[in-house]
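Just so it is clear, A, B, C and D label the chains in written order, and each chain counts residues from 1 on its own.
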Amino acid sequence: MAEPVMSEPIRIFITGGTFDKEYNELTGELFFKETHVPGMLRLGRCHLEVEIETLLMIDSLEMNDTRRHRILDRCRTCLERRIVITHGTDTMEHTAAVLGPAMGGKTVVLTGAMVPYQFGSSDGMFNLGTALAFVQNLPAGVYVAMNGRYLRWDNVRKNRELGIFEAVR
Amino acid sequence: MAEPVMSEPIRIFITGGTFDKEYNELTGELFFKETHVPGMLRLGRCHLEVEIETLLMIDSLEMNDTRRHRILDRCRTCLERRIVITHGTDTMEHTAAVLGPAMGGKTVVLTGAMVPYQFGSSDGMFNLGTALAFVQNLPAGVYVAMNGRYLRWDNVRKNRELGIFEAVR
Amino acid sequence: MAEPVMSEPIRIFITGGTFDKEYNELTGELFFKETHVPGMLRLGRCHLEVEIETLLMIDSLEMNDTRRHRILDRCRTCLERRIVITHGTDTMEHTAAVLGPAMGGKTVVLTGAMVPYQFGSSDGMFNLGTALAFVQNLPAGVYVAMNGRYLRWDNVRKNRELGIFEAVR
Amino acid sequence: MAEPVMSEPIRIFITGGTFDKEYNELTGELFFKETHVPGMLRLGRCHLEVEIETLLMIDSLEMNDTRRHRILDRCRTCLERRIVITHGTDTMEHTAAVLGPAMGGKTVVLTGAMVPYQFGSSDGMFNLGTALAFVQNLPAGVYVAMNGRYLRWDNVRKNRELGIFEAVR
């Protein structure tokens, strides 16, 4: 029996977020350098066919409509039908809400991290694993993958008190 | 819209494997203590409804038919329809081959690690993330989740030279 | 032959600093919880006779004269003659300068970290190791232990461009 | 006041030991590749003047007289008067006993680790920190630096039940 899903290439769009933050030891502040996703895929011994493209490298509080439409545009124009987006958790649901109604026949999974990958106690590797697995089997649509779960773009919010993503209804 | 899959509880059966090995600093040998899976789920901020049950704590080279049938028996009798099994990589395909033809309407995903979770450079968190995501959406059947991919029980083998899992055909 | 130095107990005063900072995953800010020094000593399989006492848990930019005199007071009144102080790096030299002329016959070693211990890429373990070793053998006086070196309180400054401690002359 | 000790260069001889062991993910066995000491010194932001030289890369159970005399010979002939040797813990005291009576005016500190540096829970960074600090201030002689302490070559043994180094008398 063929395994068609497995052979489908996946596009990973990087937009920054806590996921990719680093600690600047001279200033004591968090900042962005380069994405850790390639190193994370090596650590995960990942052998999926993925194409990584850095669109932005920002805190998601700096995400705005212009930037969201740039992400939307790249999701539409890229050749792959299966897309993972790394994104800060603070506004992930808003970006999902922009992509959701406009994505057509593609499967898009947004994910992020509560703690920077570099900081040891990060959920980043786990989340990246779930996102890459969900994107292979979920039907066309836009989803958030956090806390081991996937939530559709029109039914997800970040519970800021608990730091978890949950269904709205 | 309802999200029925998400609310389904998942059973995690622990059988040991590299995943859960520790370093004995007095003897310099690897050994098993307790499973790291609960700690890994905490690190992943996982909020899935999971039930963890340790069936075995062995190197998969010590896996035999009696033990495989014990695993099979528990997969059949447990209430959950979605099951993840942690397993050593050396004989994972053989356990999958015992479970595959006999599983009926359940979705079972076996996963493991090439490097112990405790050793820092482990693929364990990534693999556990993919396994928990695959098990939520794959149709009934038995699969191996390694290297970011899922492979059906009747089409999987470990490539020992490369240390990766691949399709047979 | 006796080994008198080894049997001398060491007092460790905790004052906070980067060393003990944590990442708050709900706010994305750094904060203090409890000191990591006991856990670090366990990791180092340290069998020195140490007494750990938390005096402050602050960023060293919040260090002021009142607080420095509290540290000085405890250094003078504690029973031990060998003292390690964990301290933020930004004002470590200023605290050393307050302690230096007033310490009498005790050996005091200040140390810290450029990156929080929790963040994986920290110099904390290395620095704590050097501080605990220096304090056992240096003559009475006040020193800063950073970058593998020890520097006397009247000949040390932090080079903020390079993030290292160096002799003034 | 001058700080003469600080400016003295240190020679680090690598001989292998648990310190530098790696996990072979294809065979599940421990092995040696290259020493981690340079990376450890970078992590420690160490700015000492050190020269690293790999003499051996072996389990200390494979240490023998020929190899010990090679180490002794290099300790004698190298230009530095302050020397750190990384060594497996199982026979560290025996190598110290060969070097001790023959070292003349040099300060030599042997150190190692109970858990490989790569495995996350290692005492390696702490021990390397203490060894590099002890070697700067101890008088000429041969010492073992483990568990935060230093022990003279003629008064040290590994307590194999506890996994710690202790004075004989």
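Note that in this section a contact is a pair of C-beta atoms (placed from the backbone, for glycine too) under 8 Å apart; a residue touches a chain by one contact, two chains touch by 3 or more.
Only a predicted model underlies this, so the values are computations on that prediction, with no experimental measurement involved.
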Set of chains whose contacts include both chain B and chain A: none
Relative to chain A, chain with the most remote C-alpha centre: D
Option in B-D, C-D or A-C whose residue-number contact pairs overlap A-B by over half: C-D
Rounded Å distance between chain B and chain D, as computed from the means of their C-alpha atoms: 40
Distance between chain centroids, defined by C-alpha means - chain A, chain D (Å): 45
Chain B, residues touching no fewer than two other chains: 114, 121, 163
Chain-chain contacts as defined at top: A-B, A-C, B-D, C-D
Chain C - residues contacting chain D, complex: 1, 3, 6, 40-41, 43-48, 114, 121-123, 125-134, 136-138, 145-152, 155, 163-164, 167
Residue ranges of chain A touching chain C (in the complex, touch as defined): 18, 23, 25-26, 28, 30, 114-116, 118-121, 160-161, 163
